[in-house]
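Have a look at the structure that comes next, please.
We just call them A, B, C and D in the order they show up, numbering each chain from 1.
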């Protein structure tokens, strides 16, 4: 699909960008041709975002162009006067950033925000601009755009907010779109919808798109050409198909392999007639919303059970109630209704003091690794805290135990003295796991242990849990929306949707013979690197 | 690892240097007052009244011939004592109240907060005058007035922090790890709630100095002839319009520099605490 | 033209009320002087500074054009003059009777004079003889039977007008009269905004003639230096109650005139004679020996004050300073203290009034001066209400008091402050002999004998030293140079009728 | 279907709900304030009767006077009577002005309000302008100046600044009008309509009075502004700087929205804290302006309250506390309402 004959719209010529004395973009040459969709992949910190911002001439504070230049249709961006530069941004090249909610003015109606951009590039009165905004919103696939235009950002879902940002980007009629991880953090299903309409719009309008992403699946599905970025350099640039078939660069190959890894499914445990370790019946958790009559039904009559040594995966999109269910299990939330039986004992109505001794047997690894660790405490103290639940220990014993735990989660002993903010996200997750293991519990709730991590770190964590499973005969509730990790860890899977479990079964059964339409949609939204693209309609439905 | 660079460089910031310098001056004045001050700070010597600044009386004399420089030096003791005492007492009372009220939100807590609202909405100086009228014109009365203002302030700050901290996942995690209410409140939450409090401490000392001066100015402060900056300004206030400027000017400057030093230190404290403040490392 | 007929006066505070019966503050006394007219007056004379002052030896008629006192001095008959009130009503005996009955019922100032001083026990003492004649019959003789009626506290209300404002709950129109005037005086109040201003307008029918100043605007300017600045700047015509230092400054300004009178004020430190160590006269004497009077006179008063050498005002008949021997003598003071058992001194509290700069300064000077004999004063600045409560309740050992006795009579004065029966003997001074002499002379009518007795009283009091004698601060008024006619009366309030502008 | 009161409530417009909620809160708060103020004020030492009666006090007349003031009854009866009177709009009569306290307050409130309203407007206007300029021109000399000012202003005692201004601008240079009173003593104040002399004199067409009253406002307002604008500057700087660095500002820039528009949008986002700090300053000044009032002989509420304390004038002090609290509550409520109105994220 590449049109190599035409002159490039945007051209990077030996561009280097630095922050202080650190070079972040290092001599990048790149040409963006008319009407092409160009993918840029690479791990965190590779310089993808900085690259996109360099193109639009708006480096983050402290950033400097060290060498080279960016040209738009031959004209160097750096030579534009302030007014030209303003008109250029949004009018010629538009940027779509990560985390759309933060990109919207929280106290302005979204329609007005789009109209504001329209009026920045065109002389229009307010009404005409608003009308244009509504039209753009409709174009980008927002239902009932007239009403939505009057909404404030906080009233929108993440996917919708992302569409608004796309509409803002399109509002100035640019030739080039720079989409910087535009769908990061969205649910797989929503991500697919948003990307779909973005690409569709671009093709319709004949725009060039620079699609920055982590996900090779996305590249495979949408891009014409791709560049792999590592530490500020483009290590490989080429058409997508040959690249996927045979990446030339070893780093590219490594990335591709990690993305392709498709573990074998866990077999279900052999049936036995012992009572399950954890059993949950009709668990219900409603949150009263101040000022509203209707409570949020976060968990709405959920039943499942987990046998000793078994791992149950709880999957479902964001907000479906997975974390809430897990926290009810740990009695961090007082469930509205339903029973929780642990090890044959009904723990539903136990008071905190009575329940505390039981905590040594049930632990939880929290979703956000960082915020679940007291920022003022050292790792040593964080790990020692739960030990008070077991038995009195001398400080020497405690220190030894801390060392053991760190080893168990493959962390260097030296980290015992560190504070949480000195750790990387992967290390923080591991400290969380170690903390849960400190009391040698028989049951752990893992809440999204792999999200927001780089592909390679993700694999390490999965390995770690897998190891624990087999060594300690640990029962686990494994909450995630990363289907790949479900494959490698779960014996059984429960699919949650809007507070209810819509389908439950062995991992194999769910992945291969899903019955419920929602399950199928969830599975389909995964954009694998190695299978045929699905017809778009199927996803957006 | 926390990079040492920003912290070290922030020690050289001019604001910090000025703040510490001014603080050091005050400490010197407090400790060495009798040696620094050339005259007695409380003895009237009417023969020398209202002398313009000169070689003997560097900053002049007031209506009763008391040496303004000596009084300013000695006043440092009074003013800072009041400031430190008020803030220390308020911290000791206000912080635990804030933690409890924030952690156990209930009717009592709401009542306490409403009471604080009342106290805080009461015009400062009228409250001060009334209290000093009830309690007598003592240093401790002024301290109590200030505590009435600061306790609600510290409680509020702590409470606000606690309210948000108690919902943070690490509290749930601590509970999972078997921490009881007391441990959660005072071992987990409190240390995390202290940053704004620490910043506020310094600000409050400054406020205390200003308020003490204001109270003295309207006659609800310490007892004459005790040297106190506000009182000194007040004794010169009347004459300002008649051209006698030095009596009010210099003690006022002392107030400004003193409060400024604490403001600067508070700002630097905020900055220092901020650098070690959590930020997810990617 | 109106500018020369309008006088703008600035004072520290506006009167609290126009009521005759209660407040007895300086501001109220001044208002009364202008909005009420009394029955009798003293003849005026010019003092050495050109100020009109009262000649206490010669009484003249006011609203009473003539009067008779019975030979035993136990009854007095007033014959009224033809006076017109602000409302145009003519003065009659009914006005007097209503005013007297009102005062008798309200138990305020009037009652105090009649009951405490003249010993009247029943209202029947007041009799209307005819429309222009009223007689007052005392149970016994009184030396004060005439002189009391000079006080402006005993002004006569225009009853016809006042009765229009009587209500069921308020049979004496107390509410209305506290903010309005109905009388036969030279001025009436047309605007009464306490805290801000009071506007007086002339009574064109005033019986002594039309006031030269048609309008007096009294503005409250609490800070004395602001009054100085305003006077210097020509924004006001008269500045009342300035500090000596300021008067000293103004006396050098040509456009301003400062008038001084050594009036009837007594400024002192009252010692509570029932609180240790002031129970011992030697301690009280010692303190009197410690006062640096010269220093205070120069540096605080700038020569506007004179030391008081007797409890009786120096301008009043019967005054003597011959027993006063308290010079500044530290050695003597120390000796007295040692004798009294306080060789190392003692610690005590000295109260003064919030906002009174003079007292504050003297307090600090006294602190330094007393420290020489080991007497450690703790200075308490107290709001006036608190100070008054503390000294009237007897809970403060020492405090400043600046007071005056309006009636120029030594027995009256000493009775007020030194008779142990008096409500305002706040120092709780008690000397049986003094009491006896005072009581006797409240009713005795033999003037020479009275003067002799009062001399004895002064001698005893000075030697007992119930107070720390300080100063007669005098009375001063600063005006623009074109304001003429300064006068002074015992209540220390200005009578604007005497003034005019050139 | 029957509509439950709750649902009915939910259906009302947001603004109405906010306002009604606020007003409903004021009533119990005012009751609490009345009660606490009443009890606290009874603790004040001092006996007004003595002060008023002076040398003519006798036990009899003092008792009579206490009876007149109602001081002879026990505290709770006094409170009940007082509350009843307050509900009927009667705050009592001050023995020190002989006037109904409500009249006294009504007479003095405009002086204070005129001063602090204009002062707050200047304070906020100047504070915000300085802050915004310094953030937008970060690192410039202006920015440094603004920062230094933000610090220094917080350290200035207002009474001292007032004195310095009087000394320099009035005594030395003679630029400022005399620093006592709200209007030249020679002039007759215009007839009272709003109580604001500047406005009343304009209404009366009396330009001399307007010039004089506006002139007299200069020094006190300057004092308050200099002292308090620093706090506004500092606070706005922090908030605005944070918003100025927010992704959405960057996004607007990336979309080519002109800078002026971006500043406006960012300022709009900084409004809530600016509103609360303004309301706080307004409430604070009601009590704190007493020092400035004293120096400029302003004759406002603050001075009235101070006099009331000095005289142990219970009724007047209570009246002041009541009116001050009501004022502060109203200001805070308005601020809360505005706060919620400008921030659509707050759920009601």
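Definition applied: a residue touches a chain if its C-beta (ideal position, glycine included) is under 8 Å from a C-beta of that chain, and two chains touch if they have at least 3 such contacts.
Just so it is clear, the model here is predicted, and its values are computed rather than measured.
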{"item": "Higher-contact pair (C-beta pairs counted), A-B versus C-D", "value": "C-D"}
{"item": "Approximate Å spacing (C-alpha centroids) for the pair subunit A, subunit B", "value": "47"}
{"item": "Euclidean distance of C-alpha centroids - subunit C vs subunit D, Å", "value": "40"}
{"item": "Interchain centroid distance [CA atoms averaged], subunit A/subunit C, Å", "value": "89"}
{"item": "Averaged-CA centre spacing for the pair subunit D and subunit B, given as whole angstrom", "value": "24"}
{"item": "Overlap residues in subunit B, where contacts from two or more other chains coincide", "value": "129, 133, 240-242"}
{"item": "Contacts with 2+ other chains: residues of subunit D", "value": "45-46, 179, 294-295, 309-310"}
{"item": "In contact (per the touch rule at the top): chain pairs", "value": "A-B, A-D, B-C, B-D, C-D"}
{"item": "Residues of subunit D defined as touching subunit B within the complex", "value": "29, 32-33, 36, 40-41, 43-46, 151-152, 154-160, 163-164, 166-167, 170-171, 179, 283-284, 286-288, 290-291, 294-295, 302, 305-306, 309-310, 317, 320-321, 324-325, 328-329, 332"}
{"item": "Subunit A residues within the subunit D interface of the complex", "value": "56, 58, 61, 86-91, 94-95, 97, 99, 102-108, 116-117, 120-121, 152, 154, 165, 168-169, 171-172, 289-293"}
{"item": "Complex contacts: residues of subunit B adjacent to subunit D", "value": "15, 114-115, 117-118, 121-127, 129-130, 133-134, 206, 210, 213-214, 217-218, 230, 233-234, 236-237, 240-243, 245, 248-249, 252, 255-260, 263-264, 267"}
{"item": "In the complex, subunit C residues that touch subunit B", "value": "223-226, 228-229, 243, 245-246, 249, 295-296, 298-300, 354-355, 357, 360-361, 363-365, 367-368, 371, 378-383, 386"}
{"item": "Contact footprint of subunit C on subunit D as seen in their complex", "value": "45-48, 50-61, 64-65, 93, 95-99, 104, 107-108, 178-181, 184-186, 294-295, 297, 299, 303-304, 307, 309-313"}
